[in-house]
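Below are two complexes that have chain A in common, paired first with chain B and then with chain C.
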Partner chain A sequence: MKKLSRTASSLLVSSLSLPGFTELLAAESEANNFQYRYTLYDEEPLPQNVLAQGDPDRYRIKSHQFRFEQDLNERFTLTVEGIHESMSGSSPWYVFPDPDRGPLQVMSGATISETRNEIGLTLGTQNNGVTHAFRGGYSTENDYDAVSAAYTGEYEQQNKHTTLSWGVSYSDDRLSPTDAELFGRIPHAERNSISASFGLTRILNRNALIQSGVQITHQDGFLSDPYKEMWINGGVFFDKRPDQRTAFSWTTRFRQYFVGSNAALHADYRFYDDDWSVTAHTLDLAWHQPFGENFELAPSIRYHSQRAANFYQPAITDGQQPKYWSSDYRLATYGAMRYRLSGTWRAEIWSLALNADIYNSSESLALSGPLFDTPALVDFWRISLGWQISWQ
Partner chain B sequence: MTLKRCWTVLLLLTLIELSACAEVQPWERGRLAKPHMALDADPLLSSIDAHTYNSKEAASGGNGPAGGGCGCN
Partner chain C sequence: MDIKLYRQHFLSMGCPCEIGVFSADAKQAESAMAGAENEVHRLDKKYSHFREDSYITRLQITARQAGGVEVDTETASLLDYAATQFEISQGLFDITAGRLARLWHRRESLPSDTELSSALRLTGWAKLQWQSPRLSMPKGMQLELGGIVKEYAADRAALLLRRNGMHSAYVELGGDIHITGPRADGKPWNMGIRNPDQQRHQTGTAMAGIPVNCGGLATSGDYERASIIDGKRYGHIINPTTGWPVNSFQCVSVLAPSCLLAGSLSTLAMLMCHEDGLNMLDESGLTWLARGTNGVDHKG
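Right after this comes the complex of A and B.
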């Protein structure tokens, strides 16, 4: 049967938020296949000169992913994917405004150690020239459970120059923070998200194609981070964010083939905007260069810049009493660069891929936005090894 | 504001669709079908990328850590 096309199925994948959506749209392969990927993620320790107290050794995550895709008959395809992650390390809590040394980061102890498991099933089918895919997913960890559902469809015009894609997704999440009674955290909370997208993929000429699409996501419920706190006029208070958030994103992807070098340029750009006043620009460039019949090398660079949420501050010391507050560094103004080198070996029915990433973030890399000293900005490296086998 | 932006992008998409692109016959699409021209060559890598950036950036994935685990540390 006709599976979701590689062009359309990947539509918006980088901009998608809900787990069902992401896996659902990244759902095409040439044949029945099985994939496995191992990823090691390691954050750099917090520098001692900005550490107030706690453990400077930050997160380390080991991830095992698998994906199995099989045609059931002429009409239906089943895809099963899963992930198992184990996480350990310390996490930023709040910023202490030291009058002599400036803002210092208070970290948790190195006691955090947890695992997360996620499973997703997708059923794909075709009817009257339209390809449909339905996905259900479940993710669980000791303090967070999420159930998600998604649908996506695509329609390829008769001349096959244009493919239209659309989708909706929903996620119902339940939080039960660790040590809630000990630290006075909220014991139970809920949030949900709904998302819709529409996009278009177009062949420009025999060497180039473009894909562009929009997505709107609305979140509702407890959107604060139950572990984050903030220094407010001499006291420490739990993170308090609005209980709704609506986000808009527009993603465009461009592929250009170069005949002389048999290489391909990948250029992806995403604009993001939400009603928390976060605005972001993300540009990802990659050069895919084959060597011989089987090997390919792909250096890539990704730039991300974001403007802070309107309630973000590292700490409050001037007597303000805002309605909402957060000192979570992820809501700050900053920019980040990611450098990646990928190598892929493709044989007849199997392939092997190795990816190495370095990620650096800094206030000075931001394009615009209110600037604060944000000591917890994260740097990390990541290495990932993937393997795939296909069959008819 | 969000709806206005959506309409603007949809208008741009319509312009892309209506633009005078070269007619490419099916037998001329060999280069577009090469593995390194794929929009998403590796679904598992794209998935772990999205999960990582969703956890560490305010904007990744269109919103915060919705579903798929908290990623809140």
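Right after this comes the complex of A and C.
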């Protein structure tokens, strides 16, 4: 089908609030499609003034993603997704408390180079207005394998403009860190995670909708990072975290369409809290502005603030060795800004999307939480090019 | 198991209706068709202007009283849709033209100027108050949901067929069609569009056949429910600004993702002047067919 005119699409969008029409039109839209996305992610090198030793060049990830969706028959839809990623660069090991220069970051010496492959299969079906999706996935890299299974369901209430969604997922992960013997790392470890979610979408009026959902995740097993270490009273010890973690998150998304400017505001907020005392707030604002029939620009800004885990410290110099410890910057108190510009071009059955991100993080951007100097906090840029074709 | 085409005919919404499904199971097919037929009857009963006990008739009586009335969710969505129709058509598609529709219904002589101006005074979306879910209408105004409800009913009936596993089926309500998916052999349905030159209820060759895999197909034309006055044909689609039946096309058919959208666009084209109508259809991005009053066919 060719792109609809503004007249036709205004009527089509307006009809979506009629009972059952979202289901009716979604079922008859272009169900079969193929998407490919290439992403280049590049972390800024660690500044020399905070580098103790090792290679300052951090991660660079190239990722190829594809997704293929096809109706198998009248009832079932199969989705196949795949990712091939190659990573190179060095990663932070531990923080050295230099008495003169303050906390300095020790990086891995040799450049790490590895690849990750993931495949996911989803079988979707509809019955009496309820959509069910069953997903199985497998991810492998030279030191990590994960098998996952998930189920999600969705039900649109008749006449009430409300959609309920729910889901459960399970993942079984096995770690076999590289050079375990050489560095004394744990040779094999396991962890698993189970999560449940529930969400609700409500059409507020013909130009606005709100979506809200909660998720609970429980992780169990070896949850430490086998490559991370910590300076404790003059010695260097491997990262040691609790072997259980329960996290709660609440996400609310709001969409408002403005008829006059033919544009849409997307405002998303996420609250996160876990029993490691990590609390985080994320606010994402995006403005989707079409230009003409085929092109859309969407600038967006995202703010994230996180409170540190209760066992996080960059280093311990004169204290008792605690029960758990980690100097992983991802568990620190920090705040981050992400600026994104997305451009999408659509023509008939094709679409092309380009995203560019700039991300900066620092301790001073955090709303609250115990503050430490965390030299490994990362800045990065990311560019991503996607291509899609749809057919009936 | 043999896959067969099961068909069911019935009368509703003041016109002959038909449902067809390809199925391997006669019982399932019949139960799905019964569910779809019930949905059409439900909407006919709820929105018929010809029934004194219909929801819409009673609603209008209360809406004309001070303070108006709170409408149910389904009706609120239909009124929201009508508001969009009014907005995008710059006032040409106006469901408040009920008085005009009744004025021109099966006439034998032209209405007088007084009758016309009196009906026009009670027409105009801007004259009613709609703040979902509350509707308030001036005394004497009448709603005309004829251009929405039949198409909406075809879509709803098709949705129920689909929910019951009928992915190779069609619903036709007096020329307004929704198809849930291709025929059992994977081929599109060939849907005929009635030739406007033929008399009412006269069977014969179709004006054109459109292959349809899925979606809605609607035709608006002056051959249905027309009045012949002094040998001249006056259709049932009335321009709400002039009060006179439109005269730009003999008929317009549109194929769209839903029958409601198809019907809205075909009626909108009929309401526009010939050239604007053709431009609007041409830009729509949909498949369409229009026959001008001079008998010349256009398509896109």
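The definition used in the following text is that the second predicted complex is superposed on the first by the 360 of 392 C-alpha atoms of A that agree within 3 Å, B and C clash if a C-alpha of one lies under 4 Å from a C-alpha of the other, contacts with A are read in each partner's own complex, and residues count from 1 in each chain.
Going forward, contacts are C-beta pairs under 8 Å (C-beta built on N, C-alpha and C of every residue); 3 or more make two chains touch, one makes a residue touch a chain.
Model, not experiment: these values are computed from the prediction.
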Query raised in the report: With the two structures laid over each other on chain A, which partner does A:S148 touch: chain B (first), chain C (second), both, or neither?
Result: first
Requested in this report: Check the residue A:V95 against both partner chains and state whether it touches chain B (first), chain C (second), both, or neither.
Outcome: neither
Requested in this report: Answer with first, second, both or neither: which of chain B and chain C does A:L51 touch in the superposed model?
Outcome: neither
Report task. With the two complexes superposed on chain A, say which partner A:P290 touches: chain B (first), chain C (second), both, or neither. Result -> first
Query raised in the report: Once the shared chain is lined up, is A:H161 touching chain B (first), chain C (second), both, or neither of them?
Result: both
Report summary line: In this superposition, the partner of chain A with more touched residues, chain B or chain C, is B
**Report entry** Touching partner for A:N205 - first (chain B), second (chain C), both, neither
**Finding:** both
Report task. May I ask you to decide whether A:I112 touches chain B, chain C, both, or neither, giving the answer as first, second, both or neither? Result -> first
Requested in this report: Return first, second, both or neither, reflecting whether A:L104 touches chain B, chain C, both chains, or no partner chain.
Outcome: neither
Query - Which superposed partner A:R75 touches (first chain B, second chain C, both, neither) - result: second
Query raised in the report: Considering each complex separately, which residues of chain A are in contact with chain B in the first and with chain C in the second?
Result: 6-7, 10-11, 14-15, 17-20, 23, 27-29, 160-161, 205-206
Report summary line: Per the touch rule above, chain A residues touching chain B in the complex are 6-7, 9-11, 13-20, 22-23, 26-29, 35-37, 39, 41, 59, 63, 65, 67, 81, 83, 85, 87, 89, 91, 112, 116, 118, 137, 139, 141, 143-144, 146, 148, 160-162, 171, 173, 175, 191, 193, 195, 198-207, 209-217, 219, 223, 225-228, 245-250, 253, 255, 257, 259, 263-264, 270, 272-276, 278-280, 282, 288, 290, 296, 298, 304, 306, 309, 330-331, 336, 346, 353, 355, 378, 380, 382, 384, 386
Query - Interface residues, chain C side, partner chain A - complex - result: 72-74, 77-78, 80-81, 83-85, 87-88, 132, 152, 155-156, 158-159, 162-163, 165, 167-168, 180-181, 213-215, 256-258, 260-261, 264-265, 268, 280, 283-286
Report summary line: Residue positions on chain B within touch of chain A in the complex are 1-2, 5-6, 9-10, 12-13, 16-17, 19, 21-24, 26, 28-29, 31-32, 34-40, 42-54, 56-64, 66-70, 72-73
Requested in this report: Report the residues of chain A in contact with chain C in the complex, numbered from low to high.
Outcome: 1-8, 10-12, 14-15, 17-21, 23-25, 27-29, 74-75, 126, 128-129, 159-161, 205-206, 392
